[in-house]
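I'd like to ask some things about the structure below.
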Amino acid sequence: MTPATSFNEREALVCQTARLIDDGKLYWVAGGGGPMYAVLLAQRMGYAPNAQYLTEDGVLAPQPLLPFDPIQTMVSARAGYRALQWGTMNTAQDYAALGLVDYGILNTLQVDQWGNINSTFLGEYPDAGRRFGGPGGADSIAAMCWRTILMTDQDRRKFVDRVDFISSPGFLDGSEGARERAGLPAGTGPWRVVTPWAMYDYDADRRLRLIGVSAWVTVDEVLAECEHKPQMAAEICVLEPPSEEELVVYRSELDVRGQTADAGAWIVYQDGRYVRAG
Amino acid sequence: MTPATSFNEREALVCQTARLIDDGKLYWVAGGGGPMYAVLLAQRMGYAPNAQYLTEDGVLAPQPLLPFDPIQTMVSARAGYRALQWGTMNTAQDYAALGLVDYGILNTLQVDQWGNINSTFLGEYPDAGRRFGGPGGADSIAAMCWRTILMTDQDRRKFVDRVDFISSPGFLDGSEGARERAGLPAGTGPWRVVTPWAMYDYDADRRLRLIGVSAWVTVDEVLAECEHKPQMAAEICVLEPPSEEELVVYRSELDVRGQTADAGAWIVYQDGRYVRAG
Amino acid sequence: MQTAMPPAVEYLRPDPDGFRAYVRDHKQRALTPRVMDEHEAVAKFVADGDYLVYDCNYLQRGPASLIREIIRQQRRDLWIGAKFTYVALGLLIEAGCASRADVGFFGSRGPGFSRALRDGRLKLYEYSNAVMTLRLRAAAQGIGFIPTRSFGGTDGYLWSAARTIEDPFTGLPTVVLPALYPDVAIIHVHQADVYGNARVFGTGIAHIDTALASKKVILSAEEIVDTEELRRNPGLNHIPWFVVDAVVPAQYGAYPGSCQGVYASDPAHVAEVFGAMTQDKLGAYLEKWVYSVGSHEEMLERHVGVKKLLELRRRETVREGYTA
Amino acid sequence: MQTAMPPAVEYLRPDPDGFRAYVRDHKQRALTPRVMDEHEAVAKFVADGDYLVYDCNYLQRGPASLIREIIRQQRRDLWIGAKFTYVALGLLIEAGCASRADVGFFGSRGPGFSRALRDGRLKLYEYSNAVMTLRLRAAAQGIGFIPTRSFGGTDGYLWSAARTIEDPFTGLPTVVLPALYPDVAIIHVHQADVYGNARVFGTGIAHIDTALASKKVILSAEEIVDTEELRRNPGLNHIPWFVVDAVVPAQYGAYPGSCQGVYASDPAHVAEVFGAMTQDKLGAYLEKWVYSVGSHEEMLERHVGVKKLLELRRRETVREGYTA
């Protein structure tokens, strides 16, 4: 694997997440963007050739025809191409309720120290603030898959002590057994948070913990973009940058329209180190 | 219509029931015998050309290929031929639960004054007596269709004060609202009982009531075959015997193997009246 | 952060026996034709104040032509089951049709939406897509409530009608949802016969449950096919005639969305409606695409055109699995 | 008439979280082949004491070859979900395999059955077909219980695990059923790939729910088809690979029943087994059809023969709807 020398932070996020994909496991991916790309990239890179994914409209293990037209990430012929099953939202949630879905992968607006996710409201609910779209499928993913992976940007407004509104459950108030007391399936919960700058897991007390940072940022820079300061792993590793091989697959087979390219900062390898371009 | 001069009591039962079929309504028929024949006969005779039926395995509005092989009355290609839908037992019960099925037609072992049905046990449940097959689909039919029609033999052991075991609900203890208190849908219940000898409905107090007898029996003969003596309608009519036209359709298109012919007594028209043969 | 205490939340009360009595008297179990145009269907079956659900949405194999007709007929005070939806809720709000919504997810908002919320012209109740779908599933089974393994512990739960009871068998705390029996459902299907027997190919959200759960059901259909054709493969007929009140022939009925396996979406139109939403120009969008025309067909004729329609079909290159 | 008071009824306790933990550790989400012969499948996945469900039954597109294999391997103390069934329960009792049954309906009994009941070798619990199916549906949704509009007021209800609670939204009395998560399910399907993705054509009882609800699932399949073939019409693939533990190739696996659209039933055999049941000659029946042969294929070879097999296919004259 050849470390890449020029890439976008969104691309880095997908590559980083792809490396987390566990072979032979089933993923419920939210929407049709980064989460789906992460599984497909892991398949094609051979990290997890036998990982499969499920979408909210009941597409199971497809061989999607990329790219999709805007918004046509579900209930569309290209997204569902050569799937092993076409179901509905209820088949998708049944599989997750039964414990048959290993991982969920989500995007979000806001996440807190206990991994709770907000996609509903910023401000003081219900009246003083800004309304967003609601949990969509994320609530059922975060509630019922065994482990949840969150893909998001590193932004201090996103990493907060307590989300303004729990749209999808993390460890709730963080107490032991809080999820079970709320009626959620035992033994489930947040597992990783991935941003272009950092990787987090959850410690034994179910608190968000920084475990790695990207090569182009320092730990302090990451912490500056966390309104809530996460727990710190004993050792904070430096995350491997995207590889050329990953980017070739990603750009030529997955994000073939280059939509990611407009969406994040560019990183380049210059003078022996990675830096933000321009 | 030409009154028939020679027929079997089982044939008479089907013809009598066919005349009860309401046009444009949906029937849940138990098994593949008399109840199905009654609806098909009503369709073909033009009594109810637009009545349709549903079976326990989710066959909806088929054009069955008769005859069926023994037992292959459900989950078979001939029974489900050219249906408007193939579902499962759950689709069938969902339609009934939703109030979309107008009538159910059932056979039974035992029926009581309140229309409760026993197909489980004769004797003192659980130990002292004889075990039968259980309610099957009859419980859901009797519980959730708006009106239930029972097809059975006229036998004093079948018509009892209180069934030995309520497998499928009639009016339960007969009190007003008993079905609703038990959680059953409001406004449903037994509607007619048809035997080769007689026709019953239920009076305002939900008790079985004799409303008609066949031409070859007297009211007293019918009552002799009722351990429980039913209420009596103000006027007990004499039921029209099967017509030649009905029997032609029934024998040539429905019971084409003549299975009914072995199963009941023969009635003949002799010397100006109907009598049991030989 | 939440400051207000969750109120006793308004929700559409499940009434299984009331539903039964309604359908007994109103749904046609006879195989009688029920084909009509969109104007008649909406005039007859969508009333002011109705709880309305659409399956899928304005941009994804949804009943887009029926949504436009509802706006054209200026229905008022609708309560929307807003799951898995993009601009549809925004259009209905802008047009003054919707005053309440049970939210699973609605993508794309904009200034008009914010004004409606601020002015109290719009009330929102919190659910999730899966929870809304389960509420419909419960109704499609004729029951009053259903347990779920999700939703517990969220703030959506607190601000919704969901409750927690003790599981009567295990004693464990169990979230239960009230069944949702909508007044009216609009669903776009690939094929229907004149009676309402219908097929959807490919994935969906909850089209079957939605059809069963709703007091009134309008289907828009890409194709009207002969009943004998449907009888050749009964395993594909998932919506039975006796739950359907109206069948509206509607080629390109999902436009500007795709109808999978038949035609692709129109990305330019998708961009136009998103742009109108965020730039507070939905009025102009509605004027052009809804009010200036009398029907879906007139819209296709005047604002879409043959060239585009041919292109949409040409761009949909997948057929596998979308035919009987 | 009932004299005894209904006891606290024994039932298989729903444990949704226990089920989840089991499938997490035991069900294979990777697409790995799981084809094996019936001997291996039953040896691996049917244990003494298991709660066993079969979809359909010995005479109607059921897993007849697997039922015979279970008898051949002499499993003991099985608890049978006996809905929509004819002679299967009687065979399992005669062979000494079954000691308990939750009854929806079982047609055909006989002296052996009566002896087993009288001697206490068989305990029965009372349900109905629809109620048993609903219990499986609840499990297939991952929940612990489900309401129903039937079963209330019956004596079956009194002698079952069903209970009545107050609907938390309407306050009305509501019958609830415990979800049924069987230990093992055996299901006969028209087509499966080597991973367990499977199709059933035509009607069924609860094959999808049964597959999802059960800890261990054995499919017998008329045809093993290529996965690529299944991908051509994903809308027909109703059982996903990750709920299936074993795929057993079994042409004529439903014999003596019909596999709809493929072959007819064998009425002579049906009469033979009914006759054996009522005349207390099931021992001889089992000797001939089960114990005297080592496998399903050997049974076809020795006791059915080519002529009969050809005849069964010839007599099934309907194809419409039974192919992709």
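By written order: A, B, C and D. Residues from 1 in each chain.
Operating definition for what follows: a contact is a pair of C-beta atoms (placed from the backbone, for glycine too) under 8 Å apart; a residue touches a chain by one contact, two chains touch by 3 or more.
Predicted model, so just to flag it, every value in this text is computed and none were measured.
Participant: Among all the other chains, which ones are in touch with both chain C and chain D?
Facilitator: Expected: A, B.
Participant: Would you mind checking which chain's C-alpha centre is most distant from the centre of chain D?
Facilitator: Of all chains, A has its centre farthest from that of chain D.
Participant: Give the chain pair, either B-C or A-C, that is connected by more C-beta contacts.
Facilitator: Comparing A-C with B-C, the pair joined by more C-beta contacts is A-C.
Participant: Which whole number of Å gives the spacing of the CA centres of chain A and chain C?
Facilitator: Spacing between the chain centres: roughly 29 Å.
Participant: Once you find the CA centre of chain A and the CA centre of chain D, what distance in Å lies between them?
Facilitator: The mean C-alpha positions of chain A and chain D differ by 41 Å.
Participant: Based only on mean CA positions, could you tell me how far chain A sits from chain B in angstrom?
Facilitator: 60
Participant: Quick one: which residues in chain B touch 2 or more of the other chains?
Facilitator: Correct list: 59, 80, 82, 86, 97, 144, 185.
Participant: What positions in chain C touch 2 or more of the other chains?
Facilitator: 16, 142-143, 148-149, 172, 174, 202, 232, 234-235, 320-321
Participant: What topology does the chain contact graph adopt: line, ring, star, complete, or other?
Facilitator: other
Participant: Got a list of which chains touch which?
Facilitator: Going through each pair of chains, those in contact are A-C, A-D, B-C, B-D, C-D.
Participant: Residues of chain A touching chain D in their complex?
Facilitator: On the chain A side, the touching residues are 23-26, 50, 52, 59-63, 80, 82-86, 94-100, 102, 144, 146, 185-187.
Participant: For a test of understanding, state which residues of chain C touch chain B in their complex under the given definition.
Facilitator: The contact residues of chain C facing chain B are 16-17, 19-21, 23-24, 27-32, 140-143, 197, 212, 227, 230-232, 234-235, 237-238, 240-243.
Participant: Please name which positions on chain D make contact with chain B in the complex.
Facilitator: 1-4, 56, 59-61, 84, 86, 103-109, 113-114, 117, 124, 126-131, 133-134, 137, 148-157, 159, 164, 172-175, 202-209, 257-258, 260-261, 264-265, 267, 270-271, 316, 318, 320-322
Participant: Within their complex, state which residues of chain B touch chain D.
Facilitator: Answer in residue numbers: 55-59, 65, 69-72, 74-78, 80-82, 86-90, 92-93, 97, 120, 123-128, 130-140, 143-144, 162, 164-169, 172, 178-179, 181-185.
Participant: Residue numbers of chain D touching chain C in their complex, please.
Facilitator: 13-16, 142-149, 161, 163, 165, 167-170, 172, 174, 176, 178, 201-202, 232-236, 320-321
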